[in-house]
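Both complexes below contain chain A, partnered by chain B and then by chain C.
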Partner chain A sequence: MDPFAPLPVLLPLIGAALVALLEKFHQRHRRLDLATVAITLAVIACDLELLLRCSSATLVYWFGDWHPVGGFALGIAFAIDPAGAALALLAAVLTLCGLMFSWHYFKAIGTFYHSLMLLFLASMGGFCLTGDLFNMFVFFELMGVAAYALTGYRIEDTGPLEGGLNFSVMNSIGAFMVLLGIGILYSRTGGLNLAWVGARVAERPVDAAVACAFMLLAIGFLVKAAVVPFHFWLPDAHAVAPTPASVLFSGIMVELGLYAVARIYWTIFSGSIPGGTAQTLLLAAGLTTALVGGIMAFLQRHLKRLLAYSTVSHSGLMLSAIALFDPVSLGGCLIYLAGHGLIKGGLFISSGIILYHFHSVDEETLRGAGTRLKLVGAVFCLQALALAGLPPFGTFAGKAMIEARAAELGLHFIAPIFLVASSLTGAAVLRSGLTVFYGIGTPNCLSAPAPAKGDHESRETSGKEHRTPLMMLLPLLLLVLLALAVGLLPSLPEKSLQAAARVCDQRGYQALVLDGKFALLVPAPLPKRADLIKGVLPAGLAVVLAAAALFGLPLPDVLLRRLKSLLRPVLWTLRRIHSGYIGDYVTWFVIGAAVMVLVAATSRLL
Partner chain B sequence: MNDSARRTLFFFFAAILAGALVAALRHLPSFGDYQGPYGDVILSGCIPQRHTPQGVAAVTFDYRGFDTLGEEFILFTAVAGVLLLLRQQQCERQEKPRDCELGRAIPATSSAVLAAGLLMFPAALLLGCSLVLHGHLTPGGGFQGGVLLATAFYFVYLSSDYRDLTRFTPDHLLDYLEVTGATTFALGATLPLVLNRPFMLNLLPLGKTGSLFSAGFLPLFNCSVGVEVGAGFLLLIAAFLKQVIVIRRESDQ
Partner chain C sequence: MSLLPILVTVWLFLVGLYGIATSRNTIHLVSCLFVTQASTYVFLLSIGFRTGGTAPILGKLPPGAPLVDPVVQSLALTDIVVGATVSALILVFALQAHKKHGTSDPRSAPPMRG
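What follows is the complex of A and B.
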């Protein structure tokens, strides 16, 4: 067994405890920063090593040497395949970027910031690598607890505390659903290992209990993934969290919820629930999320809220790709996930830089304020286009694969919805970039009346502020370059298809984990490279939309007024639904969960 | 949404959710009809394999010890999070502890309460230690015993005064203890890795079933969890009390 396997979890766990102690006795930032960055670098090295080692065969690591006895998994196993290892690596890289950004950061000491970041990293690593249902839940909880605390970091304001509270309430309810689902599966199968549970579930035709278990697990993880109607907590939390935490939340934590849905579907349910109703439900939720998130992003003027809604939109997009229940679209989704995570991380770091200079993230207040930040401004606008899927960024490569596969499967409505969603989010970000860094255009009639202004943000930082510190620019540039690399590496589509094929191979997974037999898998043939025009289209549409928002539409007044009166009730309703009251959020959750569980119980998802 | 609409919607859909769940759960094995292999495998294995009659402890600290390591760090994270959220703000300062209820004499502790406290403190402490130390032999263990240990000190506060509690439990010592508890478990589990064996392998001598020093790592892990849980809960109690009794806003003079 590979001694590297437990290290991505172990190193940050022990490190977090020791850093907490160090913080008590050496009240110096630098030592904490250095220790934390060193541990994160070590985790990156371990993840890379694991990624390389598992490329030929999935690594199975039995904790405490409790190998399966007669095919029954007694202990807990890490089952490390390229998809899991790559996600763990992405989490570690984003953590490193967040930590680099916080180099010039945080006046208060004795606040466990470094410990919490390391615990967050450990939980994400464990979540990606584990092959055990309950172990997954443990890391899900650890991830949540660390994230709630980080969200409320700035206790001086009410926003962070409210955001943290909404976040913790919604995610705890989601965790109950996951636990209920695990309970049902355990009572049915008598085990917790993903491979074992999958093998037992596949033995019998699916009944209402198993169908409900799948839905409950999916609902719980989709809360984390911020899918409509479980998404309300996300903008509240991401908008107020400190920048490094937002980078991790939007860059990887939300996506891990989606990863969990894909993982449990393929390891446990794919044999007995072949698609059908489950696919319709998840696809509908995903596409709705993509559209709602895109529109809501366009309506924001608070920069971090805008980015948070764009995360909602892209999460819906990725859920749609997963909901095709198809290895090729899952492969595209993996590339898209990496591309989006890196871009979104970079955008949150850019907004952190804006906050560092101007103590505000309000688009209208900051009109033209960022003119002197030439590099950041250019990178920001480039990232906006990359978010819309501009070639050759990773987002383009991934989305092209998903769209091509969806068309092959006869789902021709997916590509246009993707186009609308990604160009809306790209346009929203581009519009705010052009406003803040170039002062172009006039106050925008759609976002100007937004209730959340993001003006009187308390400072995250101390020190002189006429130049952006190098330690803030470095992670930004690193993330943009990595997002480019994800799109440009010629071997990546093939690798991600292999990784996805490994995730989707239920029988191979079971044989490997329970019996130690490895069979080589032939992945699906590589789809032909998508033409660049398809990528230029959403980016171009994003530019057009941003220009329309900044300068107004070149239409006669009568038509404009008509258009406004048409749009107003829709936008008003959307804003009213996103009320900020936790009671409303819980009600929406119950509505969504009731519909999904009812469908599962009655149709058995066949 | 207004209140009544929200309530109506919530209860309507909650009823649907509950109904669908109950309908689904009827397909589960009925009560007492145990189907899974896990219980049987553990019950037949825990004495020959791990020399402990306590199947639960064998599961939590050995067969599925990695989960428990995660759980322990969830508690660690939760404590760190609470301390972060309850930290003293810049607009706040510490005062001498005083009763906030103005215009009221602080009643002296009655001797009955004091006597009860004096009785309960050593009893709770002793029971807590016993639960932790015998976690691998009888029901109990580090988590349960640790909470009881913290409760013992809570009796000090209840039966006398906040100042007595802080004298008993200095924050620095608690920090040390909490970190020591958390890291002992993690480092103990790492020891086999250093010896090029699988992580979490129980490589200490297993001893004679039923004796205090048996079942390898189990007593050590129980103790470390007990220390971590006890110290963590005391830190939480101290932070909550401090927020109420000592920390004041600059403005409320």
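What follows is the complex of A and C.
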């Protein structure tokens, strides 16, 4: 029993309640900031300690000392392995950056902002560390509630209202799916502990009920992960949420949906569902998401909406990596997740700085406005390239591992799709960066008809400032440096492979949680280092695409007109599908879910 | 476990989603979300049902008496608590939207699209 195990949840949970009391005091602003930052730092320390302690053996913490009796899990357990602990750490680091950023951000800090951030942190920590199915659901919902409230934080405005409404309705429906899946599994196995449920499910061949349970759980979590066709809520919510919340949403919350899919697959279903249809379904969804997200990102001019769509694209990329159902690609996915989360957090903070200075995040309105923000501009463009996978950032290292493994498995179509998706998102961000900070090029016809602004942007921040406050720059630089470190640390690929191997080791997990036996695991051999050329390719393509958007294609007029008339109906349809109405989103959800469940139930995932 | 509760679950789930998809009033939309959620209550309770079982209060019962499953009841209870929180929050969004636009039709105000 490790006394540190519950702290990443307990500290912020108690802290949230105490911080809510502080709201009564005079001059509460700074005290609240300091108290919240202190608690977050303590959580980071705990997560680090847990990460170190669990590197040799997975930590199992039974709440109230209710240990398993005769192999049956009576109590609720935290089962902490390196993957979970690392994700909890990432969540805490991003929370810290968000909190530092909000130091100067709000004109008048509203009520309970700090409590909500701490609640959010607590629920994310619990979600990463738990080893219990229902516990996972509760943290999932708590995470949702904190996120809905943060999205609609500036409730007097229209944008946050609609974003919050779409977000909460879609994610609630996803949560109901998860609960139904948990119900099926409980009725089959009589328990809720992941290890116990996994052991019981593996005893019998798969039938329609278990296949349905997997699909229900997966769909529920994929709503959170914003996978096509469940992704519609994400741009609406991310575009309107306060910047610190957007950092957390894109950087870690969306990815936690993917983490949950991986976790439940390997702890419960991997013995009985060996891939096949499930793999095809998830891979198709992931690759479609990567492409749709990339194209939609390229079509945006609202900076935060653009970044939100790029999150959709990268989430699809990571789902494809998980859907290979392979420890090596999962290891690559873990590195990619960290690299992407840090970069995306940094990009949202940059867009927050733009909003702070210019009261708008519309690319065209701000053309050339940011020329005096030299440092932010340079970092922004660097991050755009890092998003496309420029070495030596973490995104490059992770993606190279995934692509190499996919090629080994004979899935050669994955690498080109990854290339297109990541260079599209990188190009979109780079284009907006060059437009805003350097005033290069002319308005392009692709993103011109996109929504330009919500009505909230002018009121978010205090008066016009000439210098960017240090407390805004600090988290930005911290995030970029961390993203570099993720790519440069020589021991990290090996560590992440070990972590992934531990996630994928179903029998080892069961033996450890239910019987307390630990067996050392030999991780897969390290794949050979990828050529740097492979990383330069998507970044180079991103530059080319961005240049094409800024300066136009060097083609004769006849060909250009042809191209436009070819593209117009496709883009028009894509835009129309993202209609902004919750009713349409639910219809898409029903279609997607019905297809997935029907395929799963009829083929029994064999 | 009989087929009827499963059919009721599926029906409630789908009819709730249909309501959300076609709703022209935000309050109605939120109510439809609760209907969808009700399907999870029905399903959870039907899992724990034992024919002839009594409430799982062990004090006065002879050992071995049939009981309904207390675990799913506590799951349903947790679900209800979570549902109450979420619904309160969404209703605030809905009310605020009504104040802002003077209408509760989610299709009346042009949102950010595309």
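By our rule, the second predicted complex is superposed on the first by the 593 of 606 C-alpha atoms of A that agree within 3 Å, B and C clash if a C-alpha of one lies under 4 Å from a C-alpha of the other, contacts with A are read in each partner's own complex, and residues count from 1 in each chain.
Everything below uses one rule, namely that contacts are C-beta pairs under 8 Å (C-beta built on N, C-alpha and C of every residue); 3 or more make two chains touch, one makes a residue touch a chain.
Not measured: the values here are computed from a predicted model.
Of the two partner chains placed around the shared chain by superposition, chain B and chain C are both touched by A:Gly152. Contacts of A:Leu179 after superposition on the shared chain: chain C is touched, whereas chain B is not. Applying the stated contact rule after C-alpha superposition, one finds that A:Leu165 touches chain C and leaves chain B untouched.
Once chain A of one complex is fitted onto chain A of the other, the partner contacts of A:Phe413 are absent, as it touches neither chain B nor chain C.
Judged by the touch definition given at the top, the superposed model places A:Arg305 against chain C, while chain B stays out of reach. When the two complexes are overlaid on their common chain A, residue A:Leu13 makes contact with chain B while staying clear of chain C.
Number of chain A residues touched is higher for B, counting chain B against chain C. By the document's definition of touching, neither partner reaches A:Phe518: not chain B, not chain C.
By the touch criterion defined above, A:Gly580 reaches chain C but does not reach chain B. Once the two complexes are overlaid on the shared chain, A:Val590 sits against chain B and chain C alike. Counting contacts as defined above, chain A residues 134, 138, 141-142, 145, 148-149, 152, 155-156, 161, 164, 180, 186-187, 192, 579, 581, 583-584, 586-587, 590 meet chain B in one complex and chain C in the other.
Residues 1, 6, 9-10, 13-14, 16-17, 19-21, 23-29, 34-39, 41-42, 45, 62-67, 69-71, 73-74, 76-78, 80-85, 87, 89-91, 172, 175-176, 179, 182-183, 186-187, 190, 193, 196-202 of chain B are the ones touching chain A in the complex. Those residues of chain A lying in contact with chain B across their complex are 1, 3, 5-6, 10, 13-14, 16-18, 20-21, 24, 61-66, 69, 72, 74-76, 108, 110-113, 115-116, 119, 122, 126, 134-135, 138-139, 141-142, 145-146, 148-149, 152-153, 155-156, 161, 164, 180, 184, 186-192, 207-212, 579, 581, 583-584, 586-587, 590-591, 593-595, 597-598, 600-602.
Residue ranges of chain A in contact with chain C, taken from their complex: 134, 138, 141-142, 144-145, 148-149, 152, 155-156, 158-159, 161-162, 164-165, 168-169, 172-173, 175-176, 179-180, 182-183, 186-187, 192, 235-236, 239, 299, 302, 305, 449-451, 454, 574-576, 578-584, 586-587, 589-590. Interface of chain C with chain A (complex): residues 1, 9, 13-14, 17, 20-23, 26, 29-30, 33, 36-37, 39-40, 43-44, 47, 71-72, 75, 78-79, 82, 85-86, 89-90, 92-94, 96-97, 100-101, 106-107, 109-114.
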